[in-house]
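Listed after this line are the structures, all set down as C-alpha cells.
Across the two complexes that follow, subunit A remains constant while its partner is subunit B and subsequently subunit C.
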Partner chain A sequence: MSDDLKKLIIDYVKKEYLDDDSEEIDESTQLISSGIVDSFSMVALKTFLEKKFQISIPDEKATTEAFDSVNNMINLLKEFNVA
Partner chain B sequence: MAYSNKARDFFSNELKNINTAGTFKEERYIESPQGANINVEFPVGAKPKEVLNFCANNYLGLSSHPEVIEAAHQGLNERGYGMSSVRFICGTQDIHKELETKLTKFLGTEDTILFPSCMDANAGVFDVVLDKEDAMISDRLVHASIVDGMRLCKAQLYNYKHSNMDHLEEKLKETQNLRLRMIITDGVFSMDGDIAKLDEICDLAEKYDAMVMVDDSHATGFMGKNGRGTHEHCGVIGRIDIITTTLGKALGGASGGCVSGRKEIVDLCRQRARPYLFSNTMPPVIVAAANKVIDLISKTTDRRDKLEKNTKYFRDKMTAAGFDIREGVHPIVPIMLYNAKLAQDMARDLYEEGIYVIGFSFPVVPKGQARIRVQVSAAHEKEHLDKAIAAFTKIGAKYQILGKKKDEIIAQYGY
Partner chain C sequence: MGNIGSYEEKYKNFEWQLSVKELEYGKDGMYNLAYYCSERICEKGMADKTALIWEGFQGNKKKYTYNDIRLYSNAIAQFLLDNGIKPEERICLFMDRIPELYISFLGVLKMGGIVQPLFSAFGEEALFTRLEDASTCAIFTTMKHIRKVRKILHKLPDLKYIFVVDAGNKKLEKFEISFNMEKAQLNEKFDIYKAGPEFPSVLHYTSGTTGKPKGAMHVHSSLIAQHITAKWALDLTTDDIYWCTADPGWVTGTSYGIIGPWASGVTQVVLDSGFNTDKWYSFIERHKVTIWYTAPTAIRLLMKEGAGPVKAHDMSCLRHLISVGEPLNAEAVIWSQEVFKKPFHDSYWQTETGAIVITNFPGMTVKPGSMGTPFPGITAVVVDPKKFEPIETAGTVGLIALKPGWPSMFRTYWNNKKLYDEKFKNGWYICGDRASIDNEGYFWFMGRDDDVINTAGHLVGPFEIESALLEHPAVAESAAVGKPDPVNMEVVKAFIALKPGHEPNADLELDIMNFIRKKLSPLAMPQAIEFVSSLPKTRSGKIMRRMLRAKEWGEEIGDTSTLEND
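Let's look at the complex of A and B:
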C-alpha cells in the first residue's frame, strides 16, 4: 500500500510541477523549501489529496512542512488512516 | 502597552533570519526626479552618485515629462490636493470619470473602474465575481498581488505550469462541471519579460466556456502597435473579459490602478470591491496628470516606437557581446547568471561603473535562475544604452562569462 501511495503522489507531483520529464524526485526530495512547489500551489496539492482520499485536511495541519516531501505527506495521511 | 521583550526578541530574530538567508532588502535614496540619469545616495550617508537608471518601470519615460508635471500642477490648482473620501461618498470628481472613460477607450474595453493601485484591483476583483461554486485557473507565475487576490476569494483554485497550454486545457477539462471559470494570467511576466499566449488562451477559453483575466501592468502603454497592451500585441482586443493594470509604471509612474473589461463586472466592482469601497480615492493631482498621459500616448506612438527600437538595439548588442539573455521583445531583459552571488557581485560592480541594475535570486525567481534584470526605457538615448552595454561587457569579461551558455556558467560558478 505504502509503495503504491508513494508512487501515486510522486507521479502527481512530477506531472503537475516538473517541466522537464528528465527531472527526478523521490520520497524525500524537498518540494517546498527547494522551490519545486511554491507555497501557493501547495493548495492544489492539498486539494488533490483531499479529493483522492475523501478527507478534509484542516488548515492547522496543512503546513508547508507537512507537504515538503512525499514522506511528510504520507505521514500526514497516516493521521487520517488512509496510509 | 504590552510590547514586551518577548515580542521584541521574536521580531528581531525574524529580521536576523532574513539577513542570514541573504534576502534582506535595503532602500536606496534617490535625490533627483525619476529619469534616465538619477542621483543615488548609497550606501546611506555616501555622497550622491550620478548613475544611469536601468531598473525602473518608467518604460515610456513619462515619470518626469514636462507636460505631465504641468498637468499635475494644473490639477492641483483646479481640483485641490486631497478628497478625504472614498469614491462613492464624495471622492469622485469629473476628472476621475474622465480618466475612466479615457482608459476604456484606450484599452478597447466596455468600462473601467479606478482603484488606489493595481495591487488593490487584483486584491478586490476575484472576490467580486467568483464564489465557492466557481474556479480560478491561474498561471503558476502570476504576480504576488494576484496570488493575494485569489487568496481572498472563495472560488476553487487550480493552476497550470507557466504558459503551458496543454496543462491549462487539462485544468479546463477537470473543472468543467463548475459554475463559472476564469483563466488568470499576467500579460507580461515581470521577471522574464515573456508574454502570455493570449491568442491560444482566448481560443481555449471559448472552447471551454471560461472567462479570461489579464494583469497588464508591464504592458499597458507600449505593447502592441498602438501601445494598448498585450491583448493588442496578441491580436485579441475585445476578447479579454477583465484587464487589470497600473498607472504606476509606463503611464507616468505615480500610482493608481484599474479594473477594465465587461460592463457588468465593472458595475459589480463599484458595488462590492472592498479596496474600492473602503480605501481613499485617487488624489486629483495624479488623476489630472494621468489624463494627460493617456492624451499623449493616444496622440502619437513615438514613445512606444522609440522604446521598441531601444529594446531591440539593447537586446541585439548584449547578445552580440556574449551574454546569455532570455529571448524576447519586451524591455525587461533578463541577463541570466544562474548563481545568486554572481548576480549580486556583478550588479554591485555595474553600479560602480555608473549603471544602476538589480540582481534577482531565489525566492523572487526560481532556485538556480539568478539574473540581473535590465529594464529599457524610452527615456534612454543611444549613448545611455551604449554606456550600459560597454559597462556590462567590461564586467562580464572580468567574471569571464562572455560567450558562455547556461551549462558553462554553472560549471564555473555553481548555483
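Let's look at the complex of A and C:
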C-alpha cells in the first residue's frame, strides 16, 4: 500500500508541478522548502489528497512541514488510516 | 532612536533635496540609478564589502562584494549591447531569487534598458499578457522556467532574445542564447548609459479590477525616495545585515530588495527557498540579520508555529522589524513584541508609489494595527469618495490620497495614459484603499475600494482570473472574489457556472484549480470553488461581484435594485 501511495503522489507531483520532464523526485525530495510546490499550491495538493482519499485535513494539520515531502504526506495520511 | 531622529522635526522641515545631497545625485551628469547601487559604493571605499550573500534551498551559498556586482553588472550590460539591444527596450527578468536576478537588474539599467521583473511562478498566460503588453524584446530566464517561454514565443513577435543563465551544455532552441554570468567577459570600465532623472527604469506590472494587468512605469530618479526611505523607514546603516524576503518579481523586491540596500552600501542576504519556519530562523541566526523586512502572511505563518521555534534560535541579532504588503494585524505586532522583544513596524505603499509613503517609524510608538504616519515629504490624507476633498474629522473613513510629486511616483501606465490619468482626482493621487486617520495622525487601514484581491500581499485582478477560467472547457461563466483567510488575509474564491454536459464534482474542482495555477500563478489559483447554476447580474448583464464578496465576508449585501433576478 505504502509503495503504491508513494508512486501515486510522486506521479501527481511530477505531472502537476514539474515543468521539466527530466527532473526527478523521490519520496524524500523537499517540495516546499525547494520551491517545487509553493505554499499557495499546497492547497491544490491538499485538495488532491482529500478528494483521492475522501478525507478532510484540518487547517492545523495542513502545515508546510506536513507537505514538504512525499514521506511527510504519507505520515500525515497515516493519521487518517489511509497509508 | 533610529536614523530619522525626531519624526516631527524631519516632517516639518523635509525637502527631497536632502536625499539628493546625500547621494550626490546628478554629480557629473550621472542619474543612472545602477551607478549609485554599485560604482558609487566602490568609489566610497566599499568595493570589498559584501553586497550579497545568497543561499539556495539546499544550503549552497554564494557571496558577492560590491566590486563583484559592479563587474558582473557591467558584463551583463555589455552582453546586451553586443546582442544589439538598445536603450529603452524592455528586458524581462524571469528567474527565481538567484544572484543573476539581482545583478542583471543593474546590468539592464546600466545599458539604458527598461527592466521588467516578473514573478517566476507566473504561468504562461500571465507571462504572455505582460510580455505582449510591454513589447518585450529580451528575457533572462533559467532552464526551470524556459518551457513557459517556449510555449508562448510564437505569439510574441517582439521577443527576439531568450538568455538562459544556467543552460550549461543543455540543448537550446531558436532565439535562445546561453549566458553564464560568472564566466562572462568582465568589463572594468563600462560606459554607463547617461539616463536623465526622468528616463524610464523599471516597469512593474500590477493588477486592477478591470482589464489586463497594467505596467507602472518608474524612472531613475525614484532612487531619491528609495534611498531616504531605506534609511529612515527601514533604518538601514552600512553596519547592517539586511534580509528582505520579497521576490524581485514584485516592487518590494526591487525598491527594497535591490535599490534601497545597495544604494546604501548595506550587506543583504537572500534565501532562495520556500517558506519553512526553522529554515527562516536558522537563516537569521546564521547570518546575524539585524534588519528584517517581511510580509504579514509570513509573520502569521510563523505565529502559527508559536514561540517554541523562536526560542530554539538566537534572535538577539535582530534590531528592527518591518512588514509590508497587506495590513499587519495588531495580534502580529503584539506577538512579535513578545517573542522577538521588538514590534514589527507596518509600512504602506504600492507598486505605483515606488517607495514607502506611510509607516511606523523606528523610535516612534507603534500603535498595533495602525499603518503609521506619512513619510516626510509625503502629503497623505483621506478624501471623501465623491468630491475627493480631504476629510478633516478624525476617525472618518475615506480614500487614501497622496499629493503628487514625490520622486518615486510612477510616471504612467505603459500604453495606458488614460488609466493613469484616472488615478488622479481633484489634484490627488487616489491609492484605491480606504482608511481613517486618528487624532494623532496615524492611518488605520479599512480595506480596498475595488474588487482587487490582496492575497498574501500580492494584488490579483479578478478579471484576469475570470478570463482564464473561461478558457477551461467546462466553465460557462465565473466570478472571482476575495475570501477571508487567517494567514493570507484573502484568498481567491471562484463562483462557477458550468456549461451543459458538465457536472460539479471533486475531480473537476481540482482540475480547475490546477488549470488556473499553471496558466496564471499559484496566487491566482482559486483556493475555494463554489459551483452555482447562475451568477447574480445587473440588468445590463454585469456580474455583481460585490454581492458575492459581501456574502463571503459576512457583510451587508447593499443595494440590489439593479439585480437582474433573485
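Just so we're on the same page, the second predicted complex is superposed on the first by the 83 of 83 C-alpha atoms of A that agree within 3 Å, B and C clash if a C-alpha of one lies under 4 Å from a C-alpha of the other, contacts with A are read in each partner's own complex, and residues count from 1 in each chain.
The working rule: a contact is a pair of C-beta atoms (placed from the backbone, for glycine too) under 8 Å apart; a residue touches a chain by one contact, two chains touch by 3 or more.
The model shown is predicted, which means the values in this text are computed figures rather than measured ones.
Visitor: Looking at A:I32, would you say it contacts subunit B, subunit C, both, or neither? Reply first, second, both or neither.
Guide: second
Visitor: In the overlay, answer first, second, both or neither for which of subunit B and subunit C A:D68 touches.
Guide: Only subunit C is touched by A:D68; subunit B is not.
Visitor: Under the stated touch criterion, which partner chain does A:E24 make contact with: subunit B (first), subunit C (second), both, or neither?
Guide: neither
Visitor: Is the number of subunit A residues in contact higher for subunit B or for subunit C?
Guide: The partner that reaches more residues of subunit A in the superposed model: C.
Visitor: For A:T47, select first, second, both or neither according to whether it touches subunit B, subunit C, the two together, or no partner.
Guide: A:T47: touches subunit B and subunit C.
Visitor: Identify the partner contact of A:D4: answer first if only subunit B is touched, second if only subunit C is, both if each is, neither if none is.
Guide: neither
Visitor: Go through subunit A and flag every residue that touches subunit B in one model and subunit C in the other.
Guide: 16, 19, 34-35, 38, 40-41, 43-44, 47
Visitor: Which bits of subunit A are touching subunit C when the two form their complex?
Guide: The touching residues are 16, 19-20, 30, 32-35, 37-41, 43-44, 47-48, 51, 59, 63-65, 68.
Visitor: Which positions of subunit B touch subunit A when the two form their complex?
Guide: 140, 147, 150-151, 156-159, 161-162, 164, 362-363, 366-367
Visitor: Please give the residue numbers of subunit C that touch subunit A in the complex, ascending.
Guide: Contact set of subunit C toward subunit A: 57-58, 96, 121, 143-145, 147-148, 272-277, 279, 301, 304, 455-456, 486, 488, 491, 506-507, 509-510, 513-514, 517-518, 522-523, 525, 527.
Visitor: Which of the residues in subunit A end up touching subunit B in this complex?
Guide: 16-17, 19, 34-35, 38, 40-41, 43-44, 47
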